[in-house]
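Heads up, the next two complexes both have chain A, just with different partners, chain B and then chain C.
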Partner chain A sequence: MPDMFQDAHSDDFKNNLPQRKQRGKLGQTLFLISTVVGIIALLALLYNITNEMFGLVAVQYQTDPATLSDRPLSELSQPELVTILEENISRGLFRRYDREAPIAERSREDLLALIDERVVGSQIVAAYPAIDSIIDRAAIEAEVAEKYPEARVEWKSWLNPDFVASPMSSTPLFAGVRTALLGSLWMISITILVAVPIGVGAAIYLEEYASHESMINKVIQANINNLAGVPSIIYGMLGLAIFVRALEPITSGAAFGIAGNNGRTLLSAALTMALLILPIIIISAQEAIRAVPRSLRLASYGIGATKWQTIRSHVLPVAFPSILTGIILAISRAIGETAPLILVGASTYIVTDPNGPFSNFTALPIQIYNWTSQPQAEFRNLAAAAIIVLLTVLLSMNAIAVYLRNRFQRQL
Partner chain B sequence: MTDIKMATAEHQTTAASNGNSELFKRIKNPIIAARNLGLFYGHNEALRDVNFEVPVNSITALIGPSGCGKSTLLRCFNRMNDLIPIVRISGEVNYRGHNLYGDQVDPVEVRRRIGMVFQKPNPFPKSVYDNVAWGAKINGYKGNMDELVERSLRRAALWEEVKDKLKESGLALSGGQQQRLCIARTIATEPEIILMDEPCSALDPIATLKIEELMRELQTEYTIIIVTHNMQQAARASDYTAMMMLTDDREAGTVVEYNETDTIFTNPRDKRTEDYITGRFG
Partner chain C sequence: MESELQKAGKDQKLMEREVAVGKERVDTPVRDVTTSFKAPRRWGETIIQGLLFLCGIVSIFTTVGIVYVLGHESWLFFGKPDVSIFEFLTGTVWQPSIGLFGIMSLVNSTLLTSAIAMLVAIPLGLGAAIYLSEYADQRIRKVLKPVLEILAGVPTVVYGYFALTFMTPILRGLFGKDTVEIYNVASAGIVMGIMIIPLVSSLSEDALSSVPRGLREASYGLGATKLETALQVILPAALSGIIAAIILAVSRAIGETMIVAIAAGAGPKPAFFLNPFQAAETMTGHIARISGGDLSYNTVQYNSIFAIGMTLFVITLLLNVLSRRIVARFREEYE
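Moving on to the complex of A and B:
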């Protein structure tokens, strides 16, 4: 250190300096470690899911498709498929399918899937994780040849277009997430329609109109803050008591002339979810509105704007990106919530697509939860694939919201 | 009027009150006048017994140390203090003979007639054009909007600088330009009085000078009341100057001396005014 820095305090300063820098280093290291731990956890999750999602499977047929027809099944016409189905499955089963949806009117894809499932009876007898499959394919093939002499070993991605497009099935090979995906999308749409206007409206009222000094308002505010932390299962019980039971005539659609349902409908679930995310939306929207600079409001009032004109033209546009961020977070929470749905009564096994707010339904998290608790190992592969579908839905919704947010921010 | 005030507010110095009364006699046609105005923020008294008159087409400067209620007084003139729920106001503010705090008066209308320019330039996060047009639009302006925008921007000496970027954000302008945009925005609603709350405190000397020149031009059509901490600005740019101070019990602010600017700066009657403007205050 050059002498020009020498003065009365310089000794103290110099003795102190290494320690100060050391503390900074220590902090930096700790923060780095936290980040690394987070990344490792995330990678472990992804590794786990991918490992389950791909891999070798041993497939075995009950009936060889070649014995059913001279041509490959996929080239047959719809009436021919109906005939094959009629000839090869029991009459009782045929009648049951016919009742679900008339066989003669079903599409070729539907029939092919049915034949595949019931007649050909492809069955996965063993599934192996991706890493093992890649490293040790020979050993797996040897093992399969020994245990299941008739089975073929093939590479399978559990996440494939069929998986997204097929409905639920009890056979892992044919099970898909279409019903659950549609259920989740229906539910989240209704939830957004209900929760966003109410939440943002309440936030505007509480921030802009209600007196911040009044006791009632303070109590309400404290309640909203606490509600945001209430466990979701409690919202499920609330939903069960209010929407499923007490409001059954409305939530089952009976009041609108739709008979034959109980209260365990999409509408009940969506309303429960709306309640669940309402506090989150209100709080974040309030914070967004509060963050709008006072100078902007004053500017607006100063040229003779009314309160509503000020809110509508200046406060809301400026707060909108942050409000949207809060809404995204809330929706992400709602789409992944499982516990309330179990209580409100999402079906675990349902093959018909939801067709409106009053239909019975299942949702992706329920499906995943259900699959992971099944005894057959293959369902775990399905669960992994369904997780990816759920994450994809989540990411695309976030992407849309981020896009919207950036667009609005650019306009400012 | 002054006599009543004298009786009720003995803590005020006689000299200042006399100065007021003489001046008030000379002001034939005050456009706005505060009469025994008092203001409380909750339990804190901010203004007490303010008596103050402003003639038409004049520039009046409010000077005084920080915290003596200059901005609060200014905001009384367009009922901006109404936005703070805990504010209580006593006394009157008469605008063309009507009490602004009367029962029939809507603050929204007050603020259209009495515009305001703030300390920090605060254009809306919108285009330059919309910044000027919005106020007129919401106040029901039916004429040609393009013309109004151009006229207002010209009036605010900004047109030449922004005529090619009317669609760009008002926030992209420099600080001085933003402040003139705010003035243009205020002018567009066609007010009679423009209140300016330290409009130059965030600006450099050149931008400040431009605003001062602009004030002189605007004076032909508008009445301007300006709060400033800059003594030279008050001396340069105003016709009348009101000196505000805390009352002797140091609880509330009031006008201690009010006179023509020349008189205030050359021959102040109140010792405190003299100390303040010569920099010996405190």
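Moving on to the complex of A and C:
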């Protein structure tokens, strides 16, 4: 190949032409294949998650619900359910639940769930992926009948309204992502409040005010570029040492009269995430501001506007759609980021909803990581369902970004 | 006459008044009569500029914070009696429970996963870049490129799940369950490679498409086929940009945490092992595992993860700076 141009006049040229063309075709095919491999991987990923998200499960009772009452449980009244609960669980447990929320005042749904968990004791003894369940249902039923004679086989979608609405539980059948989802949303809201003003402010300063020659601005610019390449786990260490430990009085809320927490709070995590996405926001906002035509600024100065008036009323509105896109990309990154959260100590087993920036919390990616690390197969199914919730949040963020961008661009 | 006199008097008065006004003007200038071309000092503007400057400075504080935290805790770590910096850098066993802190075994695992990731990401990413910039027409490009970029937007914890529940069973099916452990380096590396494909392909594509059109036309004019043009003219011309992209990808692979934490496994391993089907713990994987539990502050273990973090930070920083240098030089050539 290297000497392909040398003997253009010889017969070799004509002779090797078909060969070269063929090689060209082969090359093109290989390049196409390498492009497609990425897409295949994406499809495989989606297939894999869907496959784990549905499927047959074998559920086994500890107590048959038919023995508890002569009518189906779902038809019983609230006082009857209370009686069943009182008769069938230990006194200590009953008192514990009573302390959490008075049992006599609980709703029927709540009681049914409690009875289901504590008295009936439904338990998943085996779970099968969707494809196997569809193709080979008979074999699965036979296997279950042999191994777990008392279990019944039923089709289960791991992602269901209950899964989104119920808190973490150590029993896969009752576990949900409510706490994690709320934790993620809380965290991301605080992150936005912190990172967006600072990020956009820094971008405005660097593009509009800073002279590009001055030393300090060159340092800031180089620094931002380098920060964008720092692994996220390093930010986690920064958050652990600074926000969780050094600033514990502030991040735990002790300085504001809220006692009983350590520094591993939503606030610490959100501040860490804010630092993590700051470079992304700054760089994209800088690009957006740079793209605003100079003539617009000059016209504004020409009618006597000050610098800030020009920026506020002319530069920012024009740059807004692109800034917004950058912000949303950065936020998507923060929602999916896991490693820093492990460091700043998002706990995995939290059942109470976060109720403010100073509460301990868990987040969706942490929950997924935790479930994935469990050896039992059922937790993989839970992880798959949680992944779908996470991806849905990400997709809706991006959809909002596209919508807002189109809307604001039309107005201009 | 009288009226004229009166008029004159009036004029006189007017004149006197004007003089008076003039005098007044000389003595004490009235502000709304003069036009000053010097803008008044607006304190609001100054304050805003100051605030914006503070926003810019936050990033400097972040870097200072990172360096301080890593440096301080590493200093404490190396100050412990059973730790020496020499052993840290050359030791081949990392087993904090018995006081052995040799980072080489962790570095070895990191390099192994990163190398596997690169074996996947470089050919596929580069192939995709060449296809998208040289072959694909506008319509196909518009579909393929965003789809590839979705890969870059998938959270890494999802890739970890994918590696463990999809890639590992495939590898175990292909090579046998006895050779391939449940947690293994190969699975994590391959999936990490897939994750990095969009990074390599989009940066390389930028490099490829900024090669001047003239070079392509000249090559076609000499009778070269499209493949020959792409591989022997365009690729060399864009080489610096592509190398920069690859270096950035390596840095990304070294710093990647969740995939290795989930799929590559744990446990002490000897340094200098090359078996990709074994479980191994990388620098990032170790940090994630150690800090996931109840890590008490001010222990050797706590300090040790900062020393690992420092190593990680230095390696990735050097790679990023190197990549940027190469890009800067590359820009000078064509602009």
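Throughout what follows, the second predicted complex is superposed on the first by the 369 of 412 C-alpha atoms of A that agree within 3 Å, B and C clash if a C-alpha of one lies under 4 Å from a C-alpha of the other, contacts with A are read in each partner's own complex, and residues count from 1 in each chain.
Rule of thumb we're sticking to: contacts are C-beta pairs under 8 Å (C-beta built on N, C-alpha and C of every residue); 3 or more make two chains touch, one makes a residue touch a chain.
Keep in mind the model is a prediction, meaning the values are calculated, not measured.
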Touched partner set for A:Ser295, first chain B, second chain C, both or neither: first
Touching partner for A:Arg20 - first (chain B), second (chain C), both, neither: second
Comparison of chain B and chain C by chain A residues contacted: C
Touching partner for A:Ile224 - first (chain B), second (chain C), both, neither: second
Contacts of A:Ile303 with chain B and chain C, given as first, second, both or neither: first
First, second, both or neither for A:Ser313, with chain B first and chain C second: first
Touching partner for A:Glu213 - first (chain B), second (chain C), both, neither: first
Partner chain(s) touched by A:Phe256 [first = chain B, second = chain C, both, neither]: neither
Touching partner for A:Tyr349 - first (chain B), second (chain C), both, neither: neither
Those residues of chain A which chain B touches in one complex and chain C touches in the other: 306
Touch list for chain C against partner chain A, complex: 39, 42, 44-45, 48-49, 51-60, 62-63, 65-66, 69-70, 72-73, 123-128, 130-132, 134-136, 144, 147-148, 150-151, 153-162, 164-166, 194, 197-198, 201, 222-228, 230-232, 248, 251-252, 254-258, 261-262, 284, 287-288, 291-292, 297, 305-306, 309, 312-313, 316-317, 319-321, 324
Interface residues, chain B side, partner chain A - complex: 78, 80, 83, 85-86, 108-109, 111-112, 115-118, 120, 122-125, 134-135, 138-139, 169, 171, 182, 185-186, 188-189
Interfacial residue positions of chain A with respect to chain C in the complex: 1-2, 4-5, 8, 20-21, 23-24, 26-28, 30-35, 37-39, 41-42, 44-45, 48-49, 52, 197-202, 204-206, 209-210, 217, 219-220, 223-227, 229-238, 240-242, 245, 275, 278-279, 282, 306-308, 332, 335-339, 342-343, 345, 365, 368-369, 372-373, 380, 383-384, 387, 390-391, 394, 398
Residues of chain A touching chain B in the complex: 211-213, 293, 295-306, 309, 313-314, 317-318, 412
